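Going by the order they are written in, the chains are A, B and C; count residues from 1 in each one.
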């Protein structure tokens, strides 16, 4: 698509398709200029996005508005066209992009379209995409190679976004840029690339589109000591974009609290910030066959020892050192049980690995499993006498939900989302900063039969919800394309 | 009757002497334990301080400048980054 | 100030061992109840101290002991590791287990040769940057104005941190002058490396610690651990949260540094914010951390002063030949100077006559584009200049001549240029929300929405064409409530000195 064709698309959107037919080029330039001059920032945003096939950043939109005020609008439009042509020529190496204006609901699944990971954020984005594509008419989108514009996904990319079955789907040679206009942009994943967050921010501030996102947590700013270098800055820029969104669906009340606290900070920059509500993630367990259970028993259990299961990566925030220390208190007391960690190494795992080694050398029945199938994971939850999850901060403690949904008692932190989920039934709460307390409660849950039974019954009685329920609640809160 | 207090006194003195000797031995052991620890820690600490002191601004500044330039290119493109570098030098020269 | 004598550091013996012995003896009275027998060698003394900390199970005892042994203020993971090591120890092996646990921390310690001084129930003020540097804008001015007054009134203990941020230390006499004698000509020579290396570690107990600046990243974790474990009460002066709220206007490393500072904020007892707007920022953050089972700090607004000149007449006696519009401040996106340039161009196009002066430097990233715009306007015959490296006298002259100054910043912690302009009797056009909005409320200002170009144009046009309005604002300035540095220093002290949180 050349610049003239892009201009036609722009003229059609600004003036209406009927107004475009039969007009001369000069006439159209004049009309578009007039429309931009008396329009608002959304028209300026649209013009830049369509003509350049790139979403503009804030400064570009503001500068265009100022030029329209100071100069002859037709001249400004001609210059925009000339600039767009120069950029096209400069990018000779890559094929020219076509531009499509899109309405309705657009779901940005850029990362999810290319990942095989199904944990945490990706799982939520994937399940949402999957459910919505079944029940609603939505467009799935990704970003261009240079992270400067939203684009159409190939059918393979779309399939991977939904099922995760094609993580190596090739990216398209010719990118078709998408420009939402009077549409609803939804971000169900985390965006952290600078060019992308800057452009999402400008779109949210100026384009007039409805904008919604899923809020997972604000850990990089509220619990920065548990996060590696670089994430604080990238995440904060994501929040700068979020400040201009219409609404955020936080995945728990705790996550909503973090976002609301952040929103209070925005007054200093004269911004009101988005509406924030919590839309709770589901409490759902996967199924396992009897054969899978038998195999799992072989793999995971140590003789007759009751199993204490701990699911999650070994980053400091998950607090697995405390689990090891508490377990050691119990082993020294003569308690007999095995401890299995299911999860990978992550930034900052060295302390945990060192201590794990020490305990193994001491002959303690403890091990870590990094790679695990779904079948093995869900079997593990069912086989465990109890699970433990004393994290310092979670947007939504998925392992707590998974344990309860599997009917297995869980010992977890006495605040935040873990407390919210655990309060549904089947949980005991501790302060994750108190290793003695953790040991004492684990002792009860593992070895007091009556207590263990009571918790199992409570877990069984806890309400279950599905990803379908979640996707519907999310759609309702975001309001679909009806707002 | 006369010998008993002497015997007790003698045993007491002996016990006290033994006690003092054990205390001194214990103290010496503890001192030596601490001294060993101190030696290990001190020697490794000296080695590390050497490393820290060579990481002076003078040596790493060119590296940091290069890195800053790299990041600049990524942000604004090569021609702009070069223009900025030139302007910087001009400004420094006054 | 310190009672560490040369005899305590007997350099005939290996200096590391003798410093360690000194530190253990300094800690002993605070760990061993009822004055124990200190006349033993270091080995047995250490054992007494270890068993005392192990038995009392109090975090502050263990924290103090770690400082004594390693010469370092520990981070949370070190204290927890030490606690775990002692938990399963016997009386016989506790010392060795603790020494093993702390070996790594000690071998990375820059303070093995440094003696230590323990102070109790004191007021400690961390002036790390001000003591060691001559730089003097923003934060440093607040610290120097306040501490020069605190020095006489409250006799606080000023501390800096050692080179790699391993521990708090006393400051030297020249460093002290940098903090409390800044206004006057400082006599004497800065301390040499050896002199600084001999200054003892300062260990506060049951004290109020005021972190008066934004600390270096490398010491944030150790400083946070003071709040969590040492039993001291930590207060912070809160300046702003710009690196989070306006993260897109600062370089990445500044946001990175700030999120680590937020860890310290999270565990502190109190934040003393320099404006209501900043208090709201920190309160918002405090709300966020409740999701982690933490209460977060108490947040109080202690607004900075806006110095008002004594009895300055309104300037209707000297009608300026032309109108001068002043725009003071560093050139960075947040200050929104392009909006001022746009408004000026529009008004010149309308036929208004006035001069525009920008005063201040900035990163060349931003200024290159800005300077291009200025050149374009100059070529078109507009009276606009950018002045950099301006002296104080020149600054004063500019303000006196100016009809008004304009400062439509997108976000500020306080807004010193607004305060300065008012202090020199010059009305200001500034942002309606946040801290500048607070200052504006007391008079002498027109406020604008900095994101709305039209709002800035209207305000500037008003003051350029309506001399009566200018004079009205000048009268308002004269009637502004006075708040002095004395008052600020006193208010700050009321939250920190004496009482316990």
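Keep this in mind: contacts are C-beta pairs under 8 Å (C-beta built on N, C-alpha and C of every residue); 3 or more make two chains touch, one makes a residue touch a chain.
This structure is a prediction, so every number in the text was calculated from the model and none was measured.
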Overall pattern in which the protein chains touch one another (line/ring/star/complete/other): line
Of all other chains, the one whose Cα centre sits farthest from chain A: B
Centroid distance [mean C-alpha coordinates] between chain C and chain B, Å: 28
Between chain C and chain A, distance of the C-alpha-averaged centres to the nearest whole Å: 35
Distance between chain centroids, defined by C-alpha means - chain A, chain B (Å): 42
Of all residues in chain A, the ones touching two or more other chains: none
Interface hub residues of chain B, defined as touching at least two other chains: none
Chain C residues within the chain A interface of the complex: 76-77, 80, 83-84, 87-88, 221, 224, 240-241, 243-248, 252-253, 255-256, 258-260, 262-263, 266, 277-278, 280-281, 283-293, 333, 338, 342, 345-346, 349, 410-412, 431-435, 449-451, 453
Residue numbers on chain C that touch chain B, as the complex places them: 14, 16-17, 20, 40-44, 46-47, 95-96, 99, 103, 106-110, 112, 164, 364-365, 368
Contacting residues of chain A [partner chain C, same complex]: 58-59, 62-63, 65-66, 69-70, 198, 201, 218, 220-225, 227, 229-230, 232-234, 236-237, 239-240, 243, 254-255, 257-258, 260-270, 321, 325, 328-329, 332, 351, 392-393, 413-417, 431-432, 435
Parts of chain B lying in touch with chain C, wherever the complex brings them together: 26-35, 37-38, 40-42, 44-45, 48-49, 52, 72, 76, 83-84, 87-88, 91
